[in-house]
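Note that chain A is present in both complexes that follow, paired respectively with chain B and with chain C.
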Partner chain A sequence: MRIIKLKKDNLSPFLEIISVEADLWAPVQKGDKHVFKVVDDFSKVELNTTRTILPPRKIFLPPTFSMFNISEKGYKEDLSHIKKRILFGIHPCDIHGLLILDNLFKQAYLDPYYLEARKNTLILGLSCWPDEYCFAKSTNTHIIEEGFDLFFTDLKDFFLVWIGSSQGDDLIRLKPELFDENLTDKDIQTYINWHTERDKAYKWSINFTVLPDLIELKYMDPLWEKLGNSCLACGSCTNVCPTCNCYNIMDKQFLGGKDGKMIRHWDACTLEEYSEVAGGENFRKKRSDRLKLWYTHKLQAYISKYGKPSCVGCGRCIATCPVDINVRTVGKALLGEEEDAFWVRLNMEVTK
Partner chain B sequence: MEKKIKDKLKIGIYELTGCAGDALLILDCEKELVDIFKAADIQSFLMAKSDNIDGELDVAFVEGSVSTEREKKELLDIRKRAKTVVAIGICACFGGIQAAFLDKKDWEKNFKKVYGDNKMTHTKPLQSKPIDAYIKVDYYLPGCPIDKEQFLSTFNRILRGNPPELYRFPVCVECKWNENDCLLNKDILCLGPVTRAGCGSICINHNLPCVGCWGPVENANLTSEFQLLREKGFDSDFIKKKMANFSGTGIADFLGELKGEKR
Partner chain C sequence: MNGENKHLTHDNPFLPEPARIVRTYYLTEDVKFFQVRIVDMEKAHSFNYRPGQFAMISVVGAGEAPFSISSTPSRPGLLEFCIRKAGAVTNALFRMKENDLIGFRGPYGNGVPVEKMKDKDIIIVVGGLGAAPLRSVLLYSLDNRDQFRRISLLHGAKKPAEMIFREEFFALKQREDLECHLVVDEDDTGTWTENIGVVTTLFSLLKEIDPVNTYALVCGPPIMYKFVIKELVKLNIPKDQILMTLERRMKCGVGKCGHCAIDYIYTCLDGPVFTYWDVIHMRELI
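Coming up: the complex of A and B.
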């Protein structure tokens, strides 16, 4: 893989040139957090971010969108949400998240909405520095070797830029004079130092290799009931997870005529309605059963099929769940450490 | 082609105690209003027309809570005449703000405070209750006021003989879709996790906490929400008041359970 150098000052001019023919999505500030958004003011692009509130999958499959336009003549696929896009500033863990979604949406039934959007989006990755929630080193998703067109490693004064595809190379060729082909020994040493320090910066870790067995061994453990008692079933963990992909479909008919739309929206297995079938029967009426499903999928079932967890260590569930049920606390509870970390409130004498 | 009047479903839209916001919202569907009147035979809609008929109905949409003897009688009559009854708005679904005093004694005390010893001559006042306290309700369309999109979709589905298809999850889901930062995590009293979605998380989009005006979501984990807010330092009575503000009757069992609480 070819690696070149880009001066910090040259980033904005580069982003401006490449965004002429595509929407450029990049992290921008929202309150004291960050979100991916289409940018035209390149000074607003944030380089020193951790996780965005929603993962980048929202760019490929928006929370709600129209799948079909329906009329008397029949129905027609609606791919209007798909545009030429460039996604800049996506971190290694989130690129791994997209690779996991690729596996899922490329199975027996190809998902055109996801795959077409994916085909039309260039991935320009960016290195990051972990905060107290990140644990991508535990999931081995802190580094990335595939799944990007360009990858920028931020070394303070300059970027090292990995060229991951011919489409990525085409972007460089739009203005090659912005880049420097010659790396010095000093540049390489700067990269080695950055890499060593960054790997040391992860503040906590979890042993994922033992979790599939523990999920099986502790399948009937009272721990799940405790979790269920505290879970608000708000669906936030699922909505912010970069690898969650379930959806629901609703009909939308227009008044008076025969026209309508089929709307697809994000669903979550942690929500009660998810496991309800015709006739009102519900296979997972209990919150504990739904949490068990989510964690079994992330930490056990996916591993047995693909050899790695369906968790990329982004820390979004940790940053988001109001009652501290997340991969860290559930993982630690399964390991027998800090069993009550997720729910100190249960022990508080506040209600009964 | 427009249907003949005899083929159209006969609809009535009624208002009991409330702010009339839901009926107003229906009128506010300006772009669709002609289509609404074309698609159905609107027999009664006091806010929209004067030639109202109180006959047999296919569907009655009822807004507001029952707070007088006369309204109770009117409601029982609507039920008798209508094949399907849809409660629209938080007041009809869960009692609304006027039903926040769940305890009969509390209500009597407050009634006296407001009206003193004045005699009510035209009708007998009742403790305010949602319409399902008196009649069987077929469908609920919550909101304060109801949402235009949800009303049109419900209206349309019922006209076609389908049950409404509404979001059955909490506000948090829509709130995340709108990529808001969680207010609970900022120690703000937000009722999103226990409140039904459908509003598009409009308050939180404007950095205001959810006050629960869509009513409780099915099987809301009120205990966990309450404990979480207690842990954040909110006073127990304050949390209860906030929770009961719009949907008192919807969470009456929970509030009853809390009575034996330790502080």
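Coming up: the complex of A and C.
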């Protein structure tokens, strides 16, 4: 892979040039958090973020979008929400999240909505520094070797820019004089030091390889009931997870006419109506059963199919769940560590 | 595992194909029969599927839902469905008349492995609306009668009026190459000439079976599986030759929306037909 250098000061001019013909999405500040947003003021792009509130899949599959325009003539495919985009500032874990979604949306049948959006979006990755929630090293998603057009490793004064695709190379060629082709030994040493320090910065870890067996062994364990009792079934963990793909569809008719749209919107398997079938039968009426599905899917089933968890260690579920049910607490509970940490704490708060 | 026409017509696997309701009438008080034909005649006649597969049917404004195909691919051109009134889509379907247009896409799911059943005995056990998917297998095997050995049908309903395809199955009773036993939980008409009781009582009427060379197919309400499977296991039919077709709320039919997921499988891709062995090893299946 070709690797070149970009001075920090040259980033804004570069982003400006490449975004002439495409929407540039990048992390920007929102309150005390960050979100991916279309930017035209490049000074607003945040380089030192951890996770955005919602994962980048919102750019490929918006929370709600129209699949078909419906009229008396029938259904007409609607790809109007798909535009030429450049996504800058996506971290390795989130790129891995997209690669996991790719598996699903290419499996057996091709999903044209997701794949068209993917095809029209250039991925410009950015390195990051873990906070107390990140555990991407445990999922081996703290590094990335594929799935990007360009990748920027932030080494304080400059970026190392890894060129991952022909399209990425085309972007560089828009203004090659911004870049420096010559890497010095010192640059390489700076990268090695950065890498070593960054890997040491992960504050916690979990052994995912043992979890499939533990989920099997503890499938009937009372820990699930306890979790179910605490779970608010709000669906937040699903909304913020970079690998959750579930959706629902509905027809929306315009008032006074036969025209309408077929709408696809995010859904969550932790919601009660999710597994209901015709006639009201519900296969997962209990919150504990729905949590089991969520965690079995990510930490057991996906591992048995693809050899790795469907979790990329971004820490969003940890940062988001109001009652502290997340990959960390569930994983630790399965491992028998800190088993009671969160619900005991919850009970204490309730009785306070 | 999917049907031969992976995409019926388009690159967009979600795009419904216009289809016309050719005939519709009530089978029971709340179940209606629909015969439909894909509007494009070429597609209508080249459309192929396996017994036990399902399709997504849509009504503009009401939405889309999965339904088992009740007809057999051995009689191409028309597709048949038995549909119970249960929600928004089915309510809209019940209001539709002959010649109205619906949306159709499919076929989806694995279907029944009819190749494996060649030169074997077949026992079909259905309860209530469970006859909808398995009628396809029954008609298919009767249309290809020389490919299979003994064929038996055990069909149970709550009351005579609730037995779907009642007339059709009574007519089939006349055939000498089919063992057909019908039963109702109770007879409120006083005119029922067949058996009375639950569907499992019919097993005593079956002539001696050759379990190793028998495939059993079961479909019915969740409660029925437990009792029927017990009987089939008692008859020594191997667990991977006991097939059941399961109901889940598919929203896409093509393994994307997640609604029918169980463990790592998608009912819409890997099912809806599972063996009893699968069921034992996949929690939550029944």
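Please note the rule applied: the second predicted complex is superposed on the first by the 345 of 352 C-alpha atoms of A that agree within 3 Å, B and C clash if a C-alpha of one lies under 4 Å from a C-alpha of the other, contacts with A are read in each partner's own complex, and residues count from 1 in each chain.
As a convention for this text, contacts are C-beta pairs under 8 Å (C-beta built on N, C-alpha and C of every residue); 3 or more make two chains touch, one makes a residue touch a chain.
Predicted model only: the values in this text are computed from it and were never measured.
By the document's definition of touching, of the two partners only chain B reaches A:Val240; chain C does not.
Shared-chain residue A:Asp251: touches chain B and chain C both. Touch criterion not met for A:Trp129: it reaches neither chain B nor chain C. Contacts of A:Trp194 after superposition on the shared chain: neither chain B nor chain C is touched.
By the touch criterion defined above, A:Phe179 reaches neither chain B nor chain C. Using the contact criterion defined above for the overlaid structures, shared-chain residue A:Thr296 touches chain C, although it does not reach chain B. Contacts of A:Gly74 after superposition: chain C is touched, whereas chain B is not reached. Of the two partner chains, chain C is the only one that A:Phe105 touches; chain B does not reach it. Shared interface residues of chain A, touching chain B in one complex and chain C in the other, are 250-251, 253. Those residues of chain C lying in contact with chain A across their complex are 2, 6-7, 11-16, 18, 58, 60-65, 84, 86-87, 90, 103, 222, 247-249, 251-252, 254-259, 261, 263-264, 269, 283-284.
Touching chain B in their complex are the following residues of chain A: 30-33, 35, 53-54, 58, 63-64, 229-236, 239-240, 250-256, 265-266, 268, 271-273, 287, 319-320, 322-323, 344-346, 348-352. On the side of chain A, the complex with chain C involves touching residues 67-68, 70, 74-75, 77, 104-105, 107-112, 219, 245-251, 253, 258, 260, 262, 267, 269, 274-279, 281, 283-284, 289, 293, 296-297, 300-302, 304-305. Touching chain A in their complex are the following residues of chain B: 32, 35-36, 38-39, 152-153, 155-157, 159-160, 165, 168-170, 172-173, 176-177, 179-182, 184-185, 192-194, 207, 218-219, 221, 223-228, 230-231, 236, 258, 260-262.
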